[in-house]
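Please read the structure below before turning to the comments.
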Amino acid sequence: MSEFAAELVGVSKRFGPVLANDGIDLAVARGEVHAVVGENGAGKSTLMSILYGLHRPDAGHILRSGTQIRLRSPADAIRHGLGMVHQRFRLFPGLTVADNIVIGAEPVTGARLDRAAAHRSVTDLSDRYGLRVDPAALVGTLPVGVRQRVEILRALYRHAEVLILDEPTAVLTPGEADRLFEVLRTVAAGGVAILLVTHKLTEVLAAGDRVTVLRQGRVTGRFTTADTTADDLVHAMVGRSLPTPVPRRATPDAAPALDVRDLTVRDADGVTRLSSVSFSVRPGEIVGLAGVAGSGQRELIDTITGLRDGGDRVLLDGTPIHPGRDPRVAYVPEDRHARGTAPQMSLAENLLMGEQRTLATRSGLPRAAVRERARDLVARFSISAASVDVPISALSGGNAQKAVLARELSRGSRVIVAEEPTQGVDVAVRSRVHALLIEARDQGAAVLVQSSELAELRELADRVLVLFEGRLVAEFGGDATEAQLGQAMTGVSA
Amino acid sequence: ACGTGESGTAAPEDAPAKSVILITPNPVGTNSFLQLGVKGAETAAKELGASFKLYESKDPTSIAQNVDAAVRAKPTVIVGISFSFDDVFTTVPKQHPGQQFLQVDSCAKEQAPNLACVSFKEHEAAYLAGVEAGLLSESGQIGVVAALDTPFIHRWIEPFFAGATSVKPGVTGTPLYVGGANPFSDPARAKSQAQTLTGRGVDVVAAAASAGNQGVFEALASSGGKGFGVDVNQCAQSPGAIIDNVLKHVDVATTAAVKEIAGGKTGGVKVYGLAEGGVGVNALADDVATSGCTVAASPEVITKVKQVRDDIVAGKITVADPLQG
Amino acid sequence: MNIVEWSLLAGVLTATAPVLLAALGGLICQVAGVFNIALEGQLLWGAFTAVVVSDLTGSAWAGVLGAITATLLFAGLLSVASVSLRADPIVVAVGLNLLALGLTAFLMRQIFGVGGTYSSPDLAGLPTLAELGLDLPVVGPQSPLVPVALALVAAAAWWLGRTRSGLRVRAVGQHREAAEAVGLRVGGYQHGATLVAGGLCGLAGAQLALGNVTLFSEGMSAGRGWIAVVAVMLSGVRPGRLLLACLLFGVAEAIGFRLQGVGLPQQAADAAPYVITLVALVLAAVAGRKRRGNEGEAL
Amino acid sequence: MKVLSPSVVAVAGALALTTLVMLAVGVDPALAYPALVRGAVADGNLEYTIAAFVPTLGMALAFALPLRAGEFNLGGDGQLAAGGITAAAFALLVPLPPVLAVVVPLAAGTLAGGLVAALAAPLSTRLRIPAIVSTLLISAPAVSLASYLARFPLAEQGTGIAQTPRLPEHAHLPALTEAGYVTIGLPLIVLLTGLWLYADSRTVLGYEIRATGQNREFAWYGGVRVNRVAAYALAGGGGVAGLVGGLIVLGPPYRFVDGALTAPGYTFTAVAAVLLASARPVVVPVAVALLTFLQVGGQGMEREAGVPSQLTQIVQGLIIVIVAVLATVRARRGARA
């Protein structure tokens, strides 16, 4: 019997012109946390999907405990003891947490579901791993962090012996991520083999035992974390080292470009989501916005961008913002699938949104001009895409994110609001995105960045504001430690 | 509609000397009136040794298209059934003076010399049925279940009620219309309508709901009420529950008219009323005893009906035509 | 004049039963993520096959079974085309509705040699509950399929909410990829739902042709399948609400008939079920909006 | 030729099945097919095919335009009837000079159809009642209302059918052919289709409609007034339906005949055509032409070859199913290529 719980041998997979996986060998041992890193589009998700039976490889095969297996569907993979936590959640919004976890292996008495037993199992599991969930809650009503827990609990419930996690921390707060890694260590200690795909190299080094680096569908490095540095990994991933962040500038004295005065927001149920929030952002500075999910970031940003009413309390260069999206504010939304793009529309048409009226002539919206503008942005922001006419859903996540940034930053707006600007993008794109935001700042834009990644705020922001339960509870300089920020975020007064 | 298509199977090259084309305003389907028209024209064709073709239309445009196609085929006579041909037959016959046309059940306003018409006084027959209903209703409440509220259908409603009142003043009459998505073929809805009537104490219901009639009869059978059929003898459809039928001998009239035209007659209007025997009720027929209609068991009613018929024919009674009103 | 009387209840139950059965089939498909608008055609096909089998065997129950089987097979066309071959179920259903209309009328002539309406003393209709020894004067003479329809609604609610396969069907309909990812055979459940809907439409057809009346006439489904589709859309895929929606339609229709009797034009009666449903829907939505406020303003 | 071959397969498959059905019921395909073609295009029948093509294409626009914004307009019948009866009322009751006698009723019909459809917009945007439900529910009462008006206040006296009197000469649509069935409605609808195709792909409004349909939140985020755009799209669709109603009424037989607008089933033929075209606007007129050809040709087949009308329905049903299946096969192949 092999020491490896699962092995991918010579796996190749082609999507049309794209060779997503090119003869990849990868083995993961029992009890090991094995990280897989690589640029956006390097082929990580494809490889994991092959191991989970979602795609069939064009070449190569899969061994499970040394025996070759054939996976025609996830059902086969589950039968072989594989479990997967998907990059994009695969949860049923209309079902309860317990139903979401047990589905596919439900406890039954006769034909009837044994809901009590299901709740018990879920409670047991969640106690054992410290992943707190309410078994009776509807998944559709839960914040993303909790949904992630549900995904993980599902895999654990199925007693997966090989557990695949595709970017599980992209939507988690640092505390939640730490918690997850503890769980993974516990699970691995029980003999489970864990494959972890992530873009966060600190996580890799902290939580992984070994690392495999992919680049353009091939393996370009294998490391043991104990004797590796982040720079080694970056080099293997992008073939070069990344530039160090631009040094921070002093806060300028100019009049604020964005001024929020005593803003209070109530939701439809009359619950106060923001109370008396006041702050301002000057031209030439980046202000970070921190806070655990649901602290009022959504309401604040929707109000600033004009998408939510109550805008008379928000001033841009001294005048209230226009309701229904103010064109003077560039806005990079967090959810690029639901809000930032129309997946089935072409890249060019996605890049057009917001500029359609300025580009229009008397005879309409000339296609040539739309394409021309798109090609220009693709070149300027180095977006890699087959053409500007492909649907944007055919772009990798990182490139889609760059496209959204390109669209928003190219407007030359005075104020830029960016939510989670680097979520799910690789280190190279991340540094490119940061450079773009800093460049905008240096050209005099007032930038507000909301991020759940504290390291990102520390790298980028000149000042950091912390939201807690709808109130601004603290303000730090750019040199605040993660501990200080974390305390403020959880309501421990600074 | 069983006879859809050709009945003469002669090879195309030695086409029969005579031919008949009948155009309907709607698909024949469940419509007993159209079925009778088809039967009449087919019979005439058979007796003349002519070929017969049926063109079914589905809307005004396809009526015109079918008339055009028929004109191109140059048959002995082109037959159109119903009011729906009023517009087309106002113009087309004038453009083709050599072609003979026949309109059944209506007549185009400015009648061309090559257009013959036959029409019916169905209100006279409905009046007779009303007389029977008035005599036989015990509750003094009668009703009609009709497919749709169109003016034409009122020829079966007001005269029916008028006939009843003439023999039993104070009789109340209620019409209900099937309506809905398929008014001419919704027996379930027609049955509900009839049940609505019987639930209120109505004990005699005339059915004018096309394919829905059977539903009306079922409702009557289960409530102990009695009904009237329409166009043809429907008494056998629900033995014991049907008093009589408002007959309209479209087939006979059509056969006669087609044969006359084939024999060289052109133009003219022929109106079939009680006097001409083109409309009637089974009670008037010699074979009433074997008709299956319950009126056969009430000789006094038959006597009265015959007397009223004679009065109408003699002009002593004038039945108001709702269409002229 | 008395508009509301006891016979109203009887009328409503009779009129509602076929719509309810077909709508229940539509609901199950909806739950499984197949938008089924072929109910009209399947209802008609069910009515036709019920009459054919009943006429051949002289047994109404054989007719019911025949209709269920035959309509299940007919639904297989939808199932294969839209689930296996992934064709747009809406387009396929449009074709199937047309096919059912043509095929029933055509076969009617072939089998019975008549067009229009077929009824015959040989044709056995369903007995009434009273004839089966269950005398409930309040509900009038109803076929046994009426309580069956009501029981099936309850059964569907139980099945969807309480059983393993019910849970899985709901999961499949909510999120196809997620269902695949947890190892569910999505196609299998969708085939199953489509076929069950076929069986229910067969039952609906049998009730229409052997319960409500005892005959077949061309196009006798007369839009009931479409009303069932609307009921499914109004139900929010909840069986209880589906029942309410169907009853609302039935009551509105019955009241419309009665209003005709007091002199309202036929067109008003035709419009009544739709207007009443729309008004009910608007009132419910306004009430819901008051309760929830305008939270989901984005979408 | 990779793109062509599946449509060739679709036609071939449909033909094969149809032939089988014909043989099964004893119809000679060698007579039936030529009759089908003749019935649609030869012997002057082309005029009637065009006469059916015009309203069907119009109704296809009425469905496709809101569909691009993500709204299902299933209330075409109601909008059609409302437009028709309004146009008839204006033509009958308002004395107008020659050109205006055509233009005003058409404009009024367009407005009426648009209003009926626009009723669904606030229900959808404010009360979250999906347009697919509300348009359907509104349609039936609209048809009933038109029918009521034709039966009572606007009815022609002394005739058997519920219909309005013949419209005055001035209000007749200028005909392009002798029989008068092809009217200026043809260029009008073709022009509208062209405008729609142009607007859809080359104008700001078209872009915003598509963005709204593809991802409403994205469009909203981008500053598009999505509710307004959706309402315009619905109203626009309804307006075209109303216009079609007006065109039918102002064409032969120059009156509103109760049921004559909805009986031919333009609305559902159009829905089928648009769905067959599966989100490719330029294919819509082609799909409409195909279905119209089959329907009108089917009548010719019925007349000449004695193919019963039920068989025509069977054949059409089969063809729609086959084309739908092959369309996805092609789409999937296209995605893979």
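Which chain is which? They are A, B, C and D, in the order written, and residues in each are numbered from 1.
The rule is short, and it goes like this: a residue touches a chain if its C-beta (ideal position, glycine included) is under 8 Å from a C-beta of that chain, and two chains touch if they have at least 3 such contacts.
Note that this is a predicted model, so its numbers are computed, not measured.
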Other chains in touch with both chain C and chain D: A, B
Chain of greatest Cα-centre distance to chain D: A
Between chain A and chain D, centroid-to-centroid distance (C-alpha), Å: 46
Separation of chain A from chain C, taking each centre as the mean of its C-alpha atoms, in whole Å: 45
Computed distance of Cα centres, chain C from chain B, in Å: 35
Where chain B touches two or more other chains at once, by residue number: 148-149
Residues within chain C bordering two or more other chains: 105, 109, 226, 265, 267, 270, 298
Of all residues in chain A, the ones touching two or more other chains: 307
Those chain pairs that satisfy the touch definition: A-C, A-D, B-C, B-D, C-D
Of chain A, residues touching chain D in the complex: 16, 307, 324-325, 327, 331, 333, 338-345, 349, 352-354, 356-357, 360, 363-367
Chain B residues within the chain D interface of the complex: 4-6, 27, 53, 55-56, 58-62, 64-66, 68-69, 72, 82-84, 86-88, 106, 148-152, 323-324
Residues of chain D touching chain A in the complex: 198-199, 201-204, 206-208, 210-211, 214-215, 217-223, 225, 336-337
Partner chain C, residues of chain D touching it in the complex: 25, 123, 126-130, 132-134, 136-141, 144-145, 147-148, 151-152, 216-217, 220, 268, 271-272, 275-276, 278, 308, 310-321, 323-325, 327-329, 332
Residue ranges of chain D touching chain B (in the complex, touch as defined): 43-45, 48, 51-52, 151, 155, 158-162, 166, 179, 181, 252-255, 257-258, 260, 263-264, 296, 299-300, 302-303, 306-309
